[in-house]
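Both complexes below contain subunit A, partnered by subunit B and then by subunit C.
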Partner chain A sequence: MPGSLYLAWRYVAHHWIKTTILTASITLIVFLPLGVRVLIQQSAEHLTARAEATPLLVGAPGSPLELVLNSLYFGTEMPDPLSYADVDSLDAGGLAQPIPLYTRFRAQSHPIVGTSLDYFAFRNLSVADGGLFTLLGECVIGVRVAEALGVGPGDAIVSSPESVFDLAGVYPLKMRVAGVLEFSDSPDDDAIFTDLKTTWVIAGIGHGHQDLTDASAAAGVLRRDSMTITANAAVVQYNEITEANIASFHFHGDLGSYPVTAIIAVPPDQRSATILRGRFEEGDLGAQIVVPSDVMDELLRTVLTVQTFVLAAVVVIGMGTLATAGLVFGLSIRARQREFTTMVKIGASPASVRWLVASEMAVVLSAAMLGATLLTFVTAAYGPPLIRALLL
Partner chain B sequence: MTKKLLAALLLGGCAGNDDTQPDVANDETDAPVVYVSNYPLEYFANRIGGGVVRVEFPMTTATDPAFWRPDAAVVIAMQTADLILLNGATYEKWIDLVTLPAANVVNTSAGFVDRYLTVASAVTHTHGPEGEHSHEGTAFTTWLDPTLAILHAEAVTNALSERWPNSASAFQDNLAILREDLDRLDGDLGDATAALRDVPLLASHPIYQYFAAHYGLDIEAVTWEPDEMPSEREWNALRDLLRRHPARLMLWEAEPAAAIAARLAEMGVGALVFGQYGNRPDVGDYLDAMNANAERLGAPR
Partner chain C sequence: MIRVRDLEFQYDKSDFRLRVANLQIADRERVAIVGPSGSGKTTLLNLFAGIATPHRGSVETAGQDVSSMSDRARRQFRVRHVGLVFQEFELLEYLTVLDNVLLPYFLTPALKLDDDVRARAVRLAEGVEIDDKLGRNVARLSQGERQRVALCRALLTDPSVILADEPTGNLDPSSKMRVVDLLLERAQEANATLVAVTHDHEVAERFDRVLDMGTLQ
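Showing the complex of A and B:
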């Protein structure tokens, strides 16, 4: 028996190309249905957990899925904006606590989320190092942002321009990191949070600039009369908010007209939620309200349907692969008839020969099972973030 | 809604706080903290909620709250406060520069936005530690009209009652007493200004819009500081102004320098102090100071 195993091992090692191809084929065919199932199950749990923790989401009319993916997972597709007046009216309605979100900008690959302090309590996020933002131009970062960019409290993060070719577009804003959040195993770990007003500064609708009444700003003055000073494009606008220039930052017009991408609505009870949904579904508020868990369930139903087709295809391919593997073994045994005859002639029993062949198959199958198991574990560990990255 | 949630959270977290007992703090440090952005609100909040809440007015008496800006430490303290009462009417210029929990912030003039007045024109100027500033935009010294002061006080009462409902009746009782005082002040100011209606008046700062509107006064404002001699250009501008607005009395926030008062007197303009008391008065409280204003206005000239 140990002799048979040794001979089997020597055989598969000698014919390593054939063995590797066989092992890889069987590994993949065992892993694929397992991996797909684990991947979808874990991703579904991850996605639905965050959706279920978000009772209602208000956004501009459009794709509910885009609204949910952008607002909950900070996906790159930005829904049409609402105005901040919608936040105020939701608050005044008294049926839900509104938490505004403005997710238009990024710093490298990390989303910049403009929101209110209520967001942190709502998501049970706590600060691991430093504190929450207090002044315009400050931000709080997720732990993975801190690791990826190597920044911490007191350091700075610069927002990315939306397009390098858009010379008239938004200017980068250098934000001071006020704190780093505790690890939460959620998209919040990859996000940069700041006050909604800071994101409006990034958008250029709030700004700070040279004092136009000062002589040093003469080059930036286009026209001056007794009541009005008109600036030209040469006026120096600040791209960092500091103690020295913060007082010069201001917002023009009515803040109610400023943009938000979504509003998380947190009703105190089911009755308020139902009334609120009814009001939006009457359709005269110019916005949509969605239940994120319903939207994600819909998405996952689609994914599960696809999964069924994928599994069916994998089973068919698997049967073909196993048949091919059987054929390979069969042909291999037939090609080795003289080898087996020689073994019997030099004293090996027919049973030993059968053990030898069985051991060779066992080595290949064991290696394939081990490979499939390892791949499944890797999928379980790294699959959900991968799926999030692919979906978002 | 958010306020109700917060109140429920606070009440839920208070050991031994049953539904029938008022929320009286055992200790000053145990009391819920209410931040205010000017002295009238501090006075109203203390009159209405004193004993239940601890009122914090986070600036020194040398500061004009209209041009104050909190530093990070004060903002952090405000973020952890139970309630933040604002005057509104653009009084808090700093509000756009800081992050506060929206659910805890109450604009006490939100109920009378339709009565906001605007400053028609203004110039930028510099005085005190706040540096250069202007008074343009919405007029913000709302409390100088006692009827609006009552509305501020009612908003304070509502905000406190929503958060600490067990003490709502005590708050209402306190408001009733305060309202009587403010009604009396309104009457006194009405009597004091009776002789000034249809008479052109001047003001050293454009801060008397609500006061003038309520008592039917015709006030034109310059932008002079009591301790800074105006330039010749400003004196000439005053002469021009007096030609179309022949005032014989100028209201000042504080006693003007003797040289300024003397030069005004040469032009036939008397100086009278009518403080706005956005910050604490040197002597007495809000009512004392406003009553003193009324006495000075009503004094024979």
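Showing the complex of A and C:
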């Protein structure tokens, strides 16, 4: 009945404020439970998929959740560090392939992940443009980093200082981009990967400076004897690793004492995994081993419990809103009795009038359903990254 | 023609009783019905239109006995044969002038809205000098302009009987006579019988015949 639909459309368009409020209210009460479900379901799938793909994670004693969120999703809360000796020890044990991670630094909002080349094979990450890092000071970036910073192979990325007011703190290092990774729909898309040693250079543990035996550095040399040269702050320190100065970069102290934030342990089989977990749980190794999927399941159980309460509250609010919407419709119909009487006088049947009112409700409900569907799609598309950002 | 015989009507739970022994209004006649408030003028119009049905007697409008028809038949009869004009215009505030004129076509599946009908609506609007306001919302019109829109709506289906209930009751003196003249002219052009209820003797005098409710009962 196009005539009734046209009149219904004219009515709701004329009373657009009332229509918009009604439509928005119904949209929200339909969308909220749907959106919350979709958001949690999709976020859970994203989070658990990565956790399930990581068999074991070794870290310093502390919060397992913090360890997993930092190591798998590169969250900002950093767990206490392990030492690189733990990586060697795990490797020597022969029960798992260790993949070290050092996630202390950032370049703007993107995490800098110090790791080994094994990480890329483990995560099935391939390079879309350029190559993997091969030299000190090189990095490989996720595709979203490339888009956000507008950089590609051959360009440079500078690490962010931890505190601009800490003169003795970490200085920025300019890293050369060796390649851009393929899109993987994972936190790797937002990360900057580099060699562990490069992250140690950012940390100031390793450094490169003017050759103190060279005459040009004479002004910075305080004392020189047969074994040692002592220099002052006038000696030029390099904040970029180039072909010309790479040879000057060196590390002081014992490599085994250098920090890593976590170690991904990849056992060859279930038996090795069980033995490894047993060693960590029974022995006093000064570290913990966690199964990331168990940690995430625990987190999601909590989230699902909260979701149940949220949905219950939404249903109660929804019923109240629906009752209010019904009241608005009812009062509106009562106020229009004279209009409907006139319609019947000039020839409309009571069924036509009922059809007209039903059409008005249908227009509002259709708009609300369309709005709720669109919002749900938008939530499904943009919600999980948002949740990851909020969680991490 | 409108013919009433031995009519008796009473509203539920009301002492008011309308009795009309015999009344005849010829085709194309233009008749004003006058009488005090509560004398049954509007009720009589409703009986002519088939909006109400008598308890006794018969009402014949445009050659058909509307008092014996079913509800559905009376509605269809009104759509085809009767044009109604109300004291308070009864226009839909959310529609434009043109849409208000076309309203019977939006509400009644039996009427097919096509380009000819739209052209006729525009011609009617031209006849009452509101064609320059066809796209305007009726809420922005003066009272006189609104009644002219209502007149176009009543005439659109080319009715043989036009029933007007206090058509000038809400109009100022300058608009009043203009609307009455238009009503009389259009009814004559359409060869339609016109019956108008009015309190206003100045208006009533313009009609071919004046019926006083006091003399009918």
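To be clear about the criterion, the second predicted complex is superposed on the first by the 391 of 392 C-alpha atoms of A that agree within 3 Å, B and C clash if a C-alpha of one lies under 4 Å from a C-alpha of the other, contacts with A are read in each partner's own complex, and residues count from 1 in each chain.
Going forward, a contact is a pair of C-beta atoms (placed from the backbone, for glycine too) under 8 Å apart; a residue touches a chain by one contact, two chains touch by 3 or more.
Remember, predicted model here, so these are calculated numbers, not experimental data.
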{"item": "Contacts of A:I346 with subunit B and subunit C, given as first, second, both or neither", "value": "second"}
{"item": "Partner chain in contact with A:R338 - subunit B first, subunit C second, else both or neither", "value": "second"}
{"item": "Touching partner for A:G94 - first (subunit B), second (subunit C), both, neither", "value": "first"}
{"item": "First, second, both or neither for A:R104, with subunit B first and subunit C second", "value": "neither"}
{"item": "Residue contacts on subunit A - larger count, subunit B or subunit C", "value": "B"}
{"item": "A:H15 touches, of subunit B and subunit C: first, second, both or neither?", "value": "second"}
{"item": "Partner chain in contact with A:L136 - subunit B first, subunit C second, else both or neither", "value": "first"}
{"item": "First (subunit B), second (subunit C), both or neither touched by A:G3", "value": "second"}
{"item": "Complex interface listing, subunit C residues touching subunit A", "value": "49, 51, 72, 75-76, 78-79, 84, 86, 90, 92-95, 99, 103-109, 113, 137, 153"}
{"item": "Of subunit A, residues touching subunit C in the complex", "value": "1, 3-4, 6-7, 10-11, 13-15, 338-339, 342-349, 352, 356"}
{"item": "Residues of subunit A that touch subunit B when the two form their complex", "value": "91, 93-97, 116-118, 131-136, 138, 195, 197, 206, 211, 213, 227, 246-247, 249-251, 255, 267-268, 272"}
{"item": "Complex contacts: residues of subunit B adjacent to subunit A", "value": "1-2, 4-5, 69, 72, 75-76, 79, 96-103, 121, 124, 131-132"}
